[in-house]
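Labels A, B and C are assigned to the chains in the order they are written; within every chain, residues are numbered from 1.
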């Protein structure tokens, strides 16, 4: 069996798999953030809380109604997405005319409220969600748990479907056009306010979908999205929010870098993404795929 | 005589605090091609934007097909059958030519098909998969006109479609505008170049400082040429 | 102007007699946060830069103070100095990178750097990890002249530090440098065309703000005799934004008012646990939607209207 710089391949590939899974979540979440920012001009700080709500929705659906994972994969994002739509209609739409910072502050406040309420009701220790597809494959050089493989594939499919929806469909063309010039798009007869609401709902649904996928891997807990959303902000700064494919590539790439760091220099694994962010700011301040805005 | 399609009366409009239109009155009958002439800053673009409903504050009356639109949102107005080709053209850079062309939704039957539009603008067909803003100025103008022909709108608002274009292209656009008129479109054309305007339009309204100050029929342009030159400061 | 002077005089008298009717420890904590919020507000209110990572300066300065005074057994003055210098240096590094982007990106970048510092503090040996630095001794100041074991004595020291910081900010805002900052905030392109190197001004403002936040953080460590992860956490960065927002952005006294309101509220709500966060979040929402001027801003507005009509 081969060894790489003295690292046993099990450890290397194990960490790479973990990195890929983290990257999958970074990609899904930064994608949603970028789409929402494009249309609403709001950096959705509530994204982490909505990811957590997705996981919780699945957990509650299972615990209370016995609804299995595969159904929750659809139902939970719809529920959380609808919640997002209500938030947009009641609160967010009141601040579009203000500086971006107010959107950031408003959604930060909302995140505190939501996470605080969940913590109050269910505590912060977390609950396990049963693995829907236990078992795995022995690949010879490592053991590959089936569910984890599924998460990576599912995230890729979701990301590519989002890319396709935005870059190749009629609704996507509306979105792109309205991101550039909402007034003109509206003057063509398209109901832009409704498009904005829908976009937020979809972005939030995407975060919740990531949350459902995470539930069997992580503990379902009120604070599971808190640190994640901060890392995702760094991902977004690194990638720039201009390009959908850029967000996907950056997300997965950073996950892998994190995984590699865990193998070669574990103490830096928490901070490596921020170091990359600092480097990108030095070399290409607009982000790897960004236009200055 | 054809029915009145658009009747603007006592239209006032504001950009924030600044009061731009001070009571604009004019009307267009179905099938007519009417121009708005006037110097820079007279309020021509503002008038089109007011009709389209994309201006914050406006008062007075704008009746389209006998429906009052002054309080409507711009998407609602567009769906009544008015289409707008803005002065700055508004081509979307994140959409390719074909997507730009297909963006405005069809609001009524009777518009041109995509094939007809491409026949009208063969250049666009060639460059169908290019990024919209990578086209030349003339091509972008054709795209901006082309994309509003598909929607089935009866009234087209064209804001200075010849601005900054080479004479051959101006001529080509003139032909297209005449062709559109013969297909039954009603057109409100904003122009500074009244030599061009005179070759295509039935009537001309002259704007000054947020008012319509005069109306000249195309048949009278020759007699009124001195007067028009003073209005337009040429 | 005169009303302002009278106001300040009354406030100073109030501050001098405050320990007779309020707990000095509470007052000192509130003053530390008030200075922290003023430092934050210098950046947002007068340079238009919203840092969402100011806890890194506040918290790190606490660790610096603790390390110098406890592990190196040096005088508290040196601890304060280390806190200020360390925070300013950290501000120089993070600020130089963050000002390469504007607006909302600036906020995200500072937030991300603060998170990096937080993760660093969890692992670095000198911070004491999850336990933090505990039992930092309260050694006498000025070579033994001022014993600060007594809370009441320490209170006046803290008040003096706060007034020093506040006066510094006041001076900066009304200095030519402050005028340029405001010009950059209002229209960066125009300031650039007038020949001001906007980035250098922004960076200097950032470093100043970081240093003053550090002063606040080091002073807090001196008062509470500990430095923990809480003070470098993102929640603290959010708290200082909230304080400035509640009090009124861009008003010089606003953040002080905001800090006292929030610290008082936390004191009363401490027993309710998670609800502190819920209520803080709700305050954010309400203020952003309805009272963007904050307490001081709204009061000033009301006062102006009353005088006018």
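Quick note on the criterion: a residue touches a chain if its C-beta (ideal position, glycine included) is under 8 Å from a C-beta of that chain, and two chains touch if they have at least 3 such contacts.
Nothing here was measured: the structure is a model prediction, and the numbers come from that model.
Among the chains present, the centre nearest to the common Cα mean is that of A. Farthest chain from chain C, judged by C-alpha centroids: B.
Each chain gets a centre from the mean of its Cα atoms; for chain B and chain C, those two points are 56 Å apart. Put simply, the C-alpha centre of chain A and that of chain B have 44 angstrom between them.
Chain A and chain C, compared by their mean Cα positions, are separated by 32 Å. Contacts with at least two other chains are made by no residue of chain A. Of all residues in chain A, only 43, 91, 94-95, 98-106, 108-117, 119-120, 226-227, 230-231, 233-234, 236-237, 267, 270-271, 274-275, 277-278, 281-282, 285-286 touch chain C in the complex they form.
Across the interface of their complex, chain B is touched by residues 170, 173-174, 176-177, 179-181, 183-192 of chain A.
Residues 52-54, 73-75, 77-79, 83-84, 86, 90, 92-95, 99, 102-105, 107, 148, 151 of chain B are the ones touching chain A in the complex.
Residues 50, 52, 97-98, 100-101, 103-105, 107-109, 111-113, 115-116, 119-120, 122-123, 234, 238, 241, 245, 273-278, 280-285, 288-289, 292 of chain C are the ones touching chain A in the complex.
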